[in-house]
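To start, the structure under review is shown below, and the notes come after it.
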């Protein structure tokens, strides 16, 4: 089906050229809607499928304004900008088969990264002219591919309803920072779902290789911690200040000194610290961006408790108040054997797949796990499928790319699994 | 001489309403030039009296551009903007007396602070309508008064040349951050000066009180320290990173743990720390703004050596490189007894002075000390005079103000000292 | 009175040769008792004048046993060993004058230091054969002189009762660590006292110089802080431990980062840290010996609060419990003008005094201030007199010595002041 | 062979009752010699098989003296005390078979731990009366069993020479702290060895279960780090000190903040810190006992480099010198498939073995790996065999015990492997 593959590639390149950060995917979501409208049975977007209430880690009002301006400049209609332009950028599409069967949901994440794309001609998107047109932003994690596959899958299934049950395509905002899945779960996006699938391209696998289950996905929490003290003149009244910068430095060392856990993989990182205003003032404010990760949800919970204690202790020691916002969260990936088998079986029918592994390591974090956990909590099953992309450079770097032969592989594998009733 | 006082007050209010940050005092310097042109014997400005070569701590190109735009909007002529609009904002004016005598230089600093002025009607400048018109900027240290006194002194002396020797008025940029004096000294502004005077209003003294010598002025250095490491993915390859944020936190704790010095006052403060980009990346860059102060130049030098060792050690420990820029510097104030006596004698002839102290404490830093030290190094003498201003709030805060009766006090005292031949 | 001076010197040398640590001054106290018994009107020792209830910072049972053994070997009678051998080593002697007058108390501290005395022949006690006979212990702070002066003063006053009021000689244990005065105050040693005098030899003054008031004496608290965590195997279960060593390190850096205080002298030092047992076990216990000092009692109280917060915060951060014992305490020295004048007047009558200063700096701590504060609290007056000793090396070092000409100076000055009715 | 088992158990209990610390195993080694003398073909001990030159981590002279006294009291002959009583406590015994074959070396470690044995009657050694007679010392890691098995194996093989090649029994001192193997390797104990076997009882396996290869043994280094600064009076001259305690605290936080390594297990622990003398002195000395571990020798080497940098950086920051002694070292365990198969095959012939696993985890460290690595380096093969002991409490705790049915299992397994020619 070469023309489908061509469509798929064109779509991917279109998305690749227009990267948008998390919760700012206005143009991306608008294009998803435009491509699926009229094909699928149900199409929802914005707040009805994306509940932002109580979330931290959202873009600033200025960022939202800028994103709306850009989307308007790209021709997104005003009503859609009103629906999508305040953070709630999720899209949900539903296609029903002609036979009874399970409700299968598949997650496609849409956001890009604050990475400047390589302008080297050896970088394929640059050489072929579809590199990022948005300076400082790049699809450096393959989500452009995900969106293209999701749209094409929706149209194929709509065109041929010969499959059991129904399929729910979840176009998720803000996977980076593990922020968007919470909003969609909160809006009930997985209600009634029997089988939940995630799919990610790349992940150090060669093109032609797939894995039916990701192994070693780390549960994570992302924190923004605010320390508040009291300013004072550093020479005239140093003792009247309460030094938030010192508290933040102490918390940083304490967090990085949290011990490893036997039998588990853990990670702690304070990745950003901004404190104080100038050398001659005791710093009254400090912000710490921290993440914790673990290969076990219980271990993560324990690490979270200990990390909070470190922050509280630093605040106590330096006379500060501390507040921790959870700006992102995800769980480990539990992949159910039955679904894994079904994916392996589907893979056997895709000629372009040279090797189908049961599992492959994916030792990062992804909030598709929140969809998975929610479906499993209500009695369903799940897996997180990996599709090799032969990337010449690591995820999140300026030369990351995906061998486009991975696109039909992903598409055919998902379609096959759906048609086989998983 | 009420009309003189009135002029002086009007001038002060004009400057108060138009605050500009250090090295950006384009409009201020232009007004100084306009007010003195035609009166004084010699008037120089810009690079000839302000050598910025090798200085750190200068404004960014963007800040300079913004400042030039504002000055242009305020009617500063283009040639002056070209002269003054790239950081070299100093002005030097010279008035010769009719009799032989010493060359006396007096420093008047011109810059304001990044403080938002109070909009409370209890705040006099707000009540009387001359509060800052530049949002976020404020003359919260009395430099507006200094400039007004300097201009008026120049015009008075020019109008009546019956004094010995000559007077050099040094309108200095960027006293905040102790940056500007170095540039003027480097340009030779104190060449040939026999007596150097500094004058500061406020300093917790009541209006009507003056002190002929500041006591306890702290020598200082301001540092901007850059740590450079290596980024890496915090989950996938934490060991491949070299963590500049951890290095900066370690340096911060080490700097704040530098010991006190018997018999001296010392201060160390890391007032600003900016490191890293996001929670999931090992931070590769960190910037630390630090100041050290001491009541003795030798103690400051020792503190500087130890502080550098702390920074170097933190870099070594965390596999980083560290670079320290000195963005500001000043010395302690050594006030010569002979000049102090002369000022006290002049004070006795100013009726508005209720109390003239030999010394008063001024336990902050001021780079007028660099002018003083340079003049003393070449055989001259110096003092740093304080003029009470009855301030209702501390220096550098949004309700700082000066009782305007201090203005003629300062003016008459300086004029008297000059005419008496110091 | 050369033979008195000779006695005085002999006494001092005797004490110098037999140094004992704080609360272990069994032999010293026994000799004080023996020298004064039969001369003075009232002589008390042990628990009646030394209330140890609730004190931390006492010697260990083993140390007490060793000290009793040594005292027994030196011929101290068993009943005295029972009275003095369990920490309560204070002695109080009272001599009444023939005329009405104030009750004047004078403190003489008795303890030595854990310093090994120099065996260099240039060190006078070594050259003359009266260096410490107790290895590792030394009278390196002049308390040997104090005790000799106190005894001789008591005998002189007893021999000639022509003075007003009465004199109370307070032979205090454990001045080092500022521990012993609390015990004597608690036992009521200053009850009824009108004038309290402290006297210290040395303090960087030349022999022949005295000062009627010590200036700059720092209030202090000494803390022993115990952190308790949970041990675990460092490789098999690092996460099961709660690391007291890490908590202690964090507290150390936090304590040393407490800010200076404008207008005051402060000191913070963690001088001893003992934590953990071996490299392969997460350390479950840590002990931190810390002192804080300040030139103002209120500043000390604030520093104490902040220091406790640092310790509590470190405990919270690392999942530990923390307990702080106050092992020593003293106040600043407030010297009353009236008493200071009286001492100066007495000094004028001592020919050997070449210079009598009103004040001299003594920027260490001494718990004679607790006696002073208690007497002042109940309406009395006080001062702390310094007597120059021409020491060739600093206090607390192995070559510290006192020019013995200082002994009659101290004695005559105190006697003169007492006889003059202060 | 019940009487053999009885001997074995008696031997084990004898050793259990007389625990000795590393390099102090005088009585233990003397008993090994006595039990094997006259049976084996070659018997060497002391310096010829134990080269201590250049080793750190040795007992103090006082400890050695005490150990010699105890051994003398236990009846060890004076010449043996001279040979064994200065640290070189290793014993090597050689038994030759009647047929040609490989040289097989087996390591039996002899040292006990500074653990106080439980006096609870539920603790078998206490109930049966063979608990430690040496207060504060305990065989809490099963080395008593190892020695008993080694002796019995030597006697059995000597009694029946029907086996190929020859067997070298290595009775190693000081496995705790991974110190002794280095000394024996340095003395050439593995010269000519073709197959190296380690054996350890316990390790969380049930009695009746063995594993032919330990998996996950961590390479390690143990460090003793000395920081040297300069003392000074904490109140009078804090700035003249160079604070080793602060340096040690900084190093501790830096070491614990070393990042994890992707794909490897690592451990870092500062387990002991002793610094300073008293609260009022800037601490001039600090000692840090640290261990690092890794599941890969290269990762350990990298961790070692980074740890040294942390220590050097802390020294630089605080003006100290730092010296790191390596007091112990071991490698990961590489177990050769051929030897593992041979052990499994031998296990199949031991009826008491209920389960023989190919591998079992042993995520601690053991310096038998140095023997293994040396033999492998010279072309030989190796494995580290685990023999379940059904321990009721973890290794290194006061209730650790071994089900004595493990003793004949270990013995029969090793004998079988040797007789089968491995």
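Letters A, B, C and D mark the chains in the order given here, with residues in each chain numbered from 1 onward.
Criterion: contacts are C-beta pairs under 8 Å (C-beta built on N, C-alpha and C of every residue); 3 or more make two chains touch, one makes a residue touch a chain.
Please read these numbers as outputs of a predicted model, since none were measured by experiment.
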Which of B-C and C-D has more C-beta contact pairs: C-D
Averaged-CA centre spacing for the pair chain D and chain B, given as whole angstrom: 67
Chain B-chain C separation of Cα centroids, rounded to whole Å: 48
Where chain B touches two or more other chains, by residue: 236, 238, 243, 246, 250, 253, 256-257, 259-260, 262, 267, 282, 363
Contact graph of the chains (line, ring, star, complete, other): complete
List of chain C residues in touch with chain B within their complex: 253, 256-257, 259-260, 262, 265-267, 363
Residues of chain D touching chain C in the complex: 218, 220, 222-223, 233-236, 238, 243, 245-246, 248-250, 252-253, 256, 267, 269-283, 286, 289-291, 293, 363-365, 394, 396
Residue numbers on chain D that touch chain B, as the complex places them: 236-239, 241, 243, 246, 250-251, 253-254, 257, 259-262, 282, 302, 306, 309-310, 312-319
